[in-house]
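You will see two complexes here that share chain A, one where it goes with chain B and one where it goes with chain C.
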Partner chain A sequence: MRKGKLTPYLLVSPYIVHFLVFVVFPVAFSILLTFFKWDIISEMKFSGFANYRRLFADRLFWKALVNTLYFLSIHIPLELVVSLFLAEILNQKLKFQGLFRALFFLPVIVSGVAVTILWQQLYGYNAGLLNKFLMYIGLGKVGWLIDTKMAMPSIAIMATWKNVGLYIILFLVGLQTVPKQYYEAAELEGASHWQKFFKITLPLINPTIIMVVILSTIGGFSLFIEPYIMTGGGPLNSTLSALLYIYKQGFFYYHMGYASALGIFFALLIMAVVIIQRKYIEKRT
Partner chain B sequence: MRKIKKILSAILLLSLTFCTGGNSKRNYLTYWSSNNTYEIEFARKMVAEWNAAHPNEKVKFQPVPEGQSSEEVVLAAIVGKTTPDIYSNMWQGDVEAYAKAKILVALDTLKGFKDFIYSRCDSSTIKEVTAADGHIYQVPWKVNPIMMIYNKKLLDGIGFKNPPTTYKEFFTAAERFQKQNLVNGRVTKWFGYAEILPTWWQRLFDFYPLYLAESGGMPLVKNNKAVFNNKYALRVFNFLRTLYVHDYFPKERLSARQDVFLSSVIATRFTGPWDIAHTEKFKPKGFKYDFAPLPTSGKKSELPITYCDPKNIVIFNTCKNPQAAWEFIKFYLSEKNELKFLEITNQLPRRKDLLSNPLFEDYFNKNPMMKKFARQTLHIKGIDQALYLKEVFDIISQAYEESVVYRVRTPKAALDDAEKQVNLLYSK
Partner chain C sequence: MIKKTIFYFILIVSAIVFTYPFLWMFLASISPDKAIGNLVLLPSQVTLDNYRQMIAKIPIWRALLNSVIVSGLITTGVLVFGSMIGYALARLEFKGRNLIFYLIIFTMTIPFQITLIPQYILMVKLNWTDTYYALIVPYLINALGIIMFRQYFLSLPQSLIDAARIDGCGELRIIFRIIWPNSVPVILTVAILTFMTSWNEVLWPLIVIRKESLMTLPQLVTLFVVGGRAESQLGVKLASSVFLATPIVIAYAFFQKYFINSMVSTGQKE
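Moving on to the complex of A and B:
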């Protein structure tokens, strides 16, 4: 009997150990660190709420936060519209449907660094393909990554392209759960394609929309690789994301206590945004 | 149940074995080198030779474990108290903070160190590596001075038989080069290139060497105060700003493309001796290049000073036998072995007799490009021995981006603000 009770615990113990060591301990240690000044190599010094006070007075952090929210304001609607649109197309009976689905999913599994370097070439000011095309059709060059107004939207477009495949799959699953008889009934009533889409499809795939919005919000808040590689946070800090700023504080300057305070504050902010989002979308639909 | 108990006991025992498998009882020294293939090859040879001659004081070698950067790996090792006894490839700018945190051995307390360092280095190098507390925690090991590589054919084509040495000549050459390479009024080739990313260490390869060249090696920080807001920094900022204003340098990143120097998209670049092997390996047929000192505002009677990207050797305080570790380093840096280091890695040891010691003569005769860098080693500077250097460079980088690249502020205003920020940093 005792043996039977112990076995399940023993079987889950590798995961529990992993969870405690790699999740619980780092999170708890980070929370603790927020009350200390620590540069990794010296002794930790207790600093009370100094790191939090600094956070509220740190203009660059707030700029990074605003940049991240600006990124989200472009990225989420774009991601939602593009992925739903493509999923709707791929849900029709098409030739090479499987191939198209695989192709759209491909960027998701390609390394973020490789994709970023590739897009850097597309966005090049003088030799980039996009600007060459614009010049070819008689338009002027765009400073995709070197213009403070264009840099963040450019990164948002790239991030959307990279992740759209994942959300297409989610929407496809959602679309396939919509009972066909609803559409048939609507057709008998003479409903147009748009009416069917807005009155049947959208309400019925609401759980998928919530999931996509939440996932792309969390994903968007984690904006890091793209500005880290493509712009270093420039030009003039216009693509400095909150995560990149936290990384710089932690791993460039070794302000571990401050970076932890920023990280905890940022995590709470993401949680708050996701909760609000969820409540709002659920209420609306 | 018994079986389970046995398994659990075995796991516990194994964990204990791993947990106690640190430094405490081993009778050998551990050494980490960088991940550079040639340095690994050299280190392996040296360690094998040492171990054959010193069976009782063996050294166990490994390249620094893989990580995002060797610096992060070393930091993780410091936290976990698993640092090696000896580490080469330590960036000079990190040593002051490590010394302050008391995690390095003061090498000048070891027998034979002072004699060795005075015979190897000149007084300015020794001064440069002496920490604020008066001790020396690092052995100056190798340098890669920053110079200007140029495409001979392209410069010949614009009437420059010799590379430009002053800002004025540089602008003239850049203007001619641009005019010659306009396609339908568009700039397609640039006279030079520097990374525009505002990342702190990028300024080690553009602003900082030019500042050293212009100022004759003045510090950025002295006695915990910014001293870089001066006429020299202003001249460098203005020089670089002009290059971007006229599109002589591109305001975009070209680094991910094919090598823009080898494909003649740019005519010059500020770089180190590592470019020799790369250029030799990949240069197209008929490609001719050479190196020149960095430009300055006026003619100099001797070579201008440049940044040398120094990497040094340290002993961590986890080492149980620092004297034995020091004996190994001495062996590692012996004349005979430094010649091997030169031959295998094509990197320059930081020693004062590099050009005068007949032992190295043959190598430099066979490698004339390296000889240019060896000559430059007589006019080099590393980095100030000060805390928070990365933040200082980050602040300068922000000022650089604002005034040089994007011109939203004047160089004077940007430098004034950077000075204030750096002083605030040290006052905290």
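Moving on to the complex of A and C:
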């Protein structure tokens, strides 16, 4: 044991090195970079607060922020309703529960690239399966990806389809923690199915709801490959997401300082939103 | 009874909604382009032409090999380092242990949007762009992996470790010879989670790799579809997408339970 005094430090040293190189340095350097104008190749030029001033005056930055919030405002309610609904049904002691769970989960594990390529075809205006179906049942075509009002909701629907399997499982785990006696007592009082759901289930699985909301908020701010492949951020920047804009500024225009300022702004925003959402759990439970 | 029937009906319709698009994608990839527009269930004509064209147009086998190498090495690193660090945090006493534990928890909460640009600059300055290093090294340590190992190791009986110490085993031997054989579930969970995440990762490769021969599968497929080389050949696009999705779907068929567990644990970290 004595000779082993150093052993724990040797064991954790890879973490320390990784932490310094890939966490401490990048975060510190990123903050520094926001005060410079730099394209990686030429000399760094000090520019004071110019990047921050530019940020607040940049129409595209605001557009990306609003787009992300628009995405979340559709994605979060939709996935909460769908996943809670299906989890509640799966929780009814039915046969083949495991099989259904496994099938619902399939889109979660498949690469986002493959899912996006697939949905780009489903959303096609003339030949897409969805519009064909709408025509077949006598409704008109929808400009899923070509209408500026529809493009972001279309991406939100696809993202919901891809992730909902995970949230179903999280809710199932949550539902199984609700004590059975509560329902039995409510049944004796003559409570209906809906009353039980709203008065017992919903308050008790509140932590899961917040967890799902936090996960999808982080996901929304990380939305990238879907608009990158489907729309390139268009039409008319209607699907320009926060991360896609950082990517464009950084790796298309090589505005390293400005892209860093964008990165820091969005990172702080994500952290603030998550902290507020966490506080909300503590208050409710 | 009626209630149950309605429930099953809803579940079956939902199962179709979540899986049929994949079936359609596969069937479309083996149909001639002209027939895809009318494809609903059974292809009128089966052809491997789309796959032949895909192989002729892009180095897809090379990209597959790259993805296997990159994801394989990352997974190995995460398992080896993760269990070493997780073991030290769970089973050894040393000054600063809690500090390191909280640092790890803290790093998990830092959004990657903040580190993306400087990490790229780091790769440029190290001359690592267009090398495997850029794809692998930043991912060798994973905070969530460490936490999952730590959690699991906390539950192992102390007698296991004591017995090994009496036999004169060093800590590394204890980790890999004694602890590992008793930790198969957590190893599989971390391995699957890491492999799947790195297999599906596309943003980082798009940033650090420009050379086609080093591209991973999702990157190559993305640039093929977006860059116009697929032209308007729908079938070839879908074939490349099927090619990308298949390995993980096959793995999922075998390790379904671990896939679900591993994703649930990423959810619960929040």
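FYI, the second predicted complex is superposed on the first by the 272 of 285 C-alpha atoms of A that agree within 3 Å, B and C clash if a C-alpha of one lies under 4 Å from a C-alpha of the other, contacts with A are read in each partner's own complex, and residues count from 1 in each chain.
One rule holds for everything that comes next: a residue touches a chain if its C-beta (ideal position, glycine included) is under 8 Å from a C-beta of that chain, and two chains touch if they have at least 3 such contacts.
Owing to the predicted nature of the structure, the values given are computational and were not obtained by experimental measurement.
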Original post:
Overlaying the two complexes on chain A, which is it for chain B and chain C: clash or fit?
Top reply: clash
**OP:** Mind working out whether A:183 is in touch with chain B, chain C, both or neither, as first, second, both or neither?
**Re:** neither
Subject >> Partner chain in contact with A:253 - chain B first, chain C second, else both or neither >> reply: first
Original post:
Where does A:221 make contact in the superposed view: on chain B (first), on chain C (second), on both, or on neither?
Top reply: second
Subject >> Touched partner set for A:70, first chain B, second chain C, both or neither >> reply: neither
Original post:
Touch check for A:271: first (chain B), second (chain C), both, or neither?
Top reply: second
Original post:
Is A:231 in contact with chain B, with chain C, with both, or with neither (first, second, both, neither)?
Top reply: first
Subject >> Which of chain B and chain C A:197 touches, first, second, both or neither >> reply: neither
Original post:
Which chain makes contact with more of the residues of chain A, chain B or else chain C?
Top reply: C
**OP:** Identify the partner contact of A:121: answer first if only chain B is touched, second if only chain C is, both if each is, neither if none is.
**Re:** both
Original post:
After superposition on the shared chain, which partner residues are touched by A:39: those of chain B (first), chain C (second), both, or neither?
Top reply: first
**OP:** Please pick the stretch of chain B from 44-52, 62-70, 98-106 or 386-394 that overlaps chain C when the two structures are superposed.
**Re:** 62-70
**OP:** Overlap the chain B and chain C contact sets on chain A and report the shared residues.
**Re:** 40, 117, 121, 127, 232, 251
**OP:** Could you pull out which chain A residues touch chain B in their complex?
**Re:** 2-3, 6, 10, 39-42, 117, 120-121, 124-128, 145-146, 148, 230-237, 248, 251-254
Original post:
What residues of chain A sit close enough to touch chain C in their complex?
Top reply: 4-5, 7-9, 11-12, 14-16, 18-19, 21-23, 25-27, 29-30, 33, 40, 86, 89-90, 92, 94, 96, 100-114, 117-119, 121-122, 127, 129, 161, 165-166, 169-170, 173, 211-212, 214-215, 218, 221-222, 224-225, 228-229, 232, 242-243, 246-247, 250-251, 256, 259-260, 263-264, 266-267, 270-271, 274
Subject >> Complex contacts: residues of chain B adjacent to chain A >> reply: 1, 4, 68, 72, 75, 78-79, 97-98, 100-101, 103, 186-188, 196-200, 202, 250-254, 256-257, 388, 390-391, 394, 398, 401-402, 405-406, 408
Original post:
How about chain C: which of its residues touch chain A in the complex?
Top reply: 4, 7-8, 10-11, 14-15, 17-19, 21-22, 24-25, 28, 36-37, 40, 81, 84-85, 87-89, 92-94, 97, 100, 103-104, 107, 109-122, 124, 138, 140-141, 146, 170-171, 196, 199-200, 202-203, 206-207, 218, 221-222, 225-226, 234, 237-238, 240-242, 244-245, 248-249, 252, 256, 259-260, 263-264, 267-268, 270
